[in-house]
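I'd like to ask you about the structure that follows.
All chains are identified by letter, namely A, B, C and D, in their written order; residue positions are counted from 1 within each chain.
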Amino acid sequence: MNEPVMIKRIRRESSDVVSLFFDWDAEAAPGQFVMVCIPGLDEVPMSLSTIGPEKSISIKAIGETTRFLHTMGEGDRISVRGPYGRGFRPDGRILIVGGGVGMAAMMPLLRSTGADLIIGARKEDELVFLSECREYTKNVWVSTDDGSVGFHGNAVQLMNQVLDEGSYDMVAACGPEVMLYYLHQACMERGLECQLSLERFMKCGVGLCGSCVVDGQRVCAEGPVFDSATLEKLKEFGKFKRDVAGRRVRL
Amino acid sequence: MNEPVMIKRIRRESSDVVSLFFDWDAEAAPGQFVMVCIPGLDEVPMSLSTIGPEKSISIKAIGETTRFLHTMGEGDRISVRGPYGRGFRPDGRILIVGGGVGMAAMMPLLRSTGADLIIGARKEDELVFLSECREYTKNVWVSTDDGSVGFHGNAVQLMNQVLDEGSYDMVAACGPEVMLYYLHQACMERGLECQLSLERFMKCGVGLCGSCVVDGQRVCAEGPVFDSATLEKLKEFGKFKRDVAGRRVRL
Amino acid sequence: MTSLKVNVSGLRLKNPSMVASGIMDETGDSMIKMMESGAGAVVTKSIGLEPKDGHGNPTLVELDYGYINAMGLPNPGIDAFGEEMEVAVRAGVTVIGSIFASCEGDFSLLAGRMEDMGAAAVELNLSCPHASGYGMEMGIDPVVVKAIVASVKDSVRVPVFAKLTPNTHRLMDIGNSVQEAGGDAVVAINTLKAMAISPESARPILRNRFGGLSGPAVKPVGVRAVFDLYSVLDIPIIGVGGITSWRDAVEYIMAGASAFQVGSAIGHKGVQVFGEICDGMLAFMRDYGYSSIHDMTGVAHE
Amino acid sequence: MTSLKVNVSGLRLKNPSMVASGIMDETGDSMIKMMESGAGAVVTKSIGLEPKDGHGNPTLVELDYGYINAMGLPNPGIDAFGEEMEVAVRAGVTVIGSIFASCEGDFSLLAGRMEDMGAAAVELNLSCPHASGYGMEMGIDPVVVKAIVASVKDSVRVPVFAKLTPNTHRLMDIGNSVQEAGGDAVVAINTLKAMAISPESARPILRNRFGGLSGPAVKPVGVRAVFDLYSVLDIPIIGVGGITSWRDAVEYIMAGASAFQVGSAIGHKGVQVFGEICDGMLAFMRDYGYSSIHDMTGVAHE
């Protein structure tokens, strides 16, 4: 059901990410997403970055719709439906890994578990949520591709170091699919369970249209979070996605 | 919603009344009714004479449908929808009065309150539920029009005697409308609250079609049980009903 | 000043809500009750020349999201109905007389009788999907519709509304016929032709087998119908079908309706539904700066 | 022995359930998954000659009792779809190729391609209510329908099914056209033309404004359509529209369907819906003494 909500406050998270906060009493679990509609423009999927009675989405501006969302002000209205999908199923000692705006999907899990955390970004001013994260967990590691802050390299390299030192039962992550692909490889080698949140082009969001499938799995229904057992079987994961017409394209 | 139910057992209550028992998990309150459908034949309103998980209706054979219901056997199926309407709202010390098969509507209230009871019938073999009633209440008075058992006269005359002797906060009753009319008159004279269950021709049972109205009150929705305050205002009560086409006819 | 008042082709109402035909409007006292519950007007049950029992029970199937009914146009006939009209009109009810017939002449006759009895407008039932020889059987033919509306327009001075069926792909043609014939407004939609079957008894549940689907299930079809009609007509449209809350009513108005009717919701929400809808709509209009229903009519087309 | 096996105009299926066109059937792996979930066959998303993006988002409105969609026939085009067909057919999926086009020639061309790619039957989409120039715009004209079906019948040997729209009063005429042209079965119903409006934004929610209503809301309309068609046709009918439980499926079969399709319920009930429906139906058939789907087809007419 489309629910009109009013933007209560806005927080700039980084050079290209803002969070929009709104009151909405729907029940949501960490890792779930909503379809966000800007009337007259478009409807796009967004992870919930806060899941209490006050909720938020955190948007990276990459195209027309996300740029428009960046221009919205307090008191403006958007419409949301959801929450949809299956989120994270935390179990044991968890290491969270968030790459870029993928951190948005990880925030509710971080707040509810206080788990150890790796945040990756391309450069310092694209790091998101860092100071808020420190409120919820003691162990936060940072990586930047250009080395402007923290570990110089990508989040998966940093994860390998962290995993060598600590002991964890699972890794939970969201970020660019290449990162997730290598992260999954690394976990498989270690025999470590991982749960990864994927993205695909979404139209219906409710498991009908099939536009978001990876192999036969619907990212909006069976996902967006998939576990190791499922990921191992996915031939398209890390390799192919589908365009709007349903054609397979290389990632 | 139409619910197919299977007749589990049958009990003959009197020369012309049988009860059909069936399992049905719907919530029901004393005084509510159901629409009973015999596929291919007709659908008619019937009070619930038992309202637990095992329910019952008690039918007096007067026409084609009710006669057909009398021929049904264990294992046969009927379809029910409901329960519908507003039932009794018991308050304080209650006197129950049931005339003829109207007793069916009173049984759940009797079982839940153990109130004092008057049963009226035309003659002895038309008395229903008498022995079962004695299980639930100590004070049972009986009237028959022909005097074949109990008080010789009608239930309202008997009620007047009982009211002279005992002290009650309200009367709850169901039976032929003439009886209810005089019962209401008697209660008004005494300033005693009464709640009466009325009958009208019903089609939809859910408050849409208007076929069951008494003045502007829908027997299926605002009723079938009406309280003194409402009854006093009803110009048609005891005087007129409507036929299938909606024409007013004298009772 | 935000106001709910409307003027539908000369019919002035305190608010845009009406009781839909066939729901609690067969007796004078029922109509009074509905008006007291907050309705702006009451459309009567469809009345014919002769008394009619309608179909036998079962006449209704209850669903989670609506009803299927096959009442079969039971009514006491126009003569006996006079008594009911008198009660309602005397009490100040704004009555819109709904009528059905099988030819132009009878429609005109009935319309004239309704006008004489004090109806503030007449509504032609060209759309009942479950009574053979009446309603929808005529209402899918633009030529027939035009002739009936023209004939009725010649016979009465009160506004003439035509109630249309959604069970056709020619809805807009039919709407045009009404307009060309001088009809004052169209009412859309009547029920969708439907059926429910009982697996256990291996037969249709309704005695008449077919019936008409109403309630929340049909709202998206009704809103679409009103939107379609608004895009081709100049005369007002009265929206009906599945309206249960103020949001539903606003959908119809934004699609193009100047007023609306409520039927099924009287069953599952109770008679207070009129007050709830009007209050909610007024609050919405204040929040969003619409000063009248007229201001809000058809805005979804912009 | 109670059996769910059916033979629809030569198409033999392990059970009468099919995935409806447009729901989880655009890729080879999706079709495999649906077949593994228990469907007797999978109808593909409607495929056209060229790749098509379809309408922009929002393409779906979620309601309590169904969905309104305006996907706009997105598809990769028949050439690229070959790859998906290959994956599905190689894995043993019984694929029914759904196609749409704007003229007879293209329909025949597409049908031929589908047959070559291994489709066990083709389904002609003559009924999509929200893509201009396609679907329902042609499917309401008995002459056009007859020409298309006849042309496709000349081009392929696999059974040809025609999917019909309920948005017309001429459903039975259209069904007759299909039969006269040699069509092997009709599929009814596609979605009802519908709309939802957002009060707050004062505009239709869908990018395309109009869409098609599906899900529980349309079941009574679909059952009625199948009942109507069964009363005039000799060719088999495949029922679709709002089927969510075994009871719904049995309603369609008793109304006259030889098989049925499930779409929306895959969204709100999940892919296990096929197993649930088939198990429930088998238990019902045992209890009530129906030994086959064929035995149960059309019994509500007796």
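The rule we apply is simple: a residue touches a chain if its C-beta (ideal position, glycine included) is under 8 Å from a C-beta of that chain, and two chains touch if they have at least 3 such contacts.
Since this is a predicted model, take the numbers as computed values, not measurements.
The minimum number of touch steps linking chain B to chain D comes to 2. Taking the definition of touch as given, a chain qualifies here only if it contacts chain A and chain C alike; those chains are D. Comparing the centres of all chains, each the average of its CA atoms, the largest separation from chain C belongs to A. Centroid to centroid, with C-alpha atoms defining each point, chain A and chain B lie 62 Å apart. One finds 33 Å separating the Cα centroids of chain C and chain D. The geometric centre of chain A is 36 Å away from that of chain D, both derived from CA atoms.
For chain B, the set of residues touching two or more other chains is empty. Residue numbers of chain C whose C-beta contacts span two or more other chains: 61, 63-64, 196, 200, 203. Judged by the touch criterion defined above, the protein chains link up one after another in an open path, with no loop closing it. Going by the touch rule set out above, the chain pairs that meet are A-D, B-C, C-D.
Of all residues in chain A, only 1-2, 4, 35, 37, 39-40, 42-44, 77, 79, 81, 203-211, 213, 215-218, 221, 235, 242, 244-248 touch chain D in the complex they form. The residues of chain C lying in touch with chain B in their complex are 22-27, 29-34, 45, 51-54, 56-64, 67, 69, 71, 74-77, 80, 83, 196, 198, 200-201, 203, 205, 207, 263-264, 266-268, 270. If you check the complex, the residues on chain D that touch chain C are 61, 63-66, 68, 136, 140, 165, 167-170, 192-197, 199-200, 202-204, 209-210, 213, 216-218, 220-221, 223-224, 227, 247, 250-251, 254-255, 284, 288, 299-300, 302.
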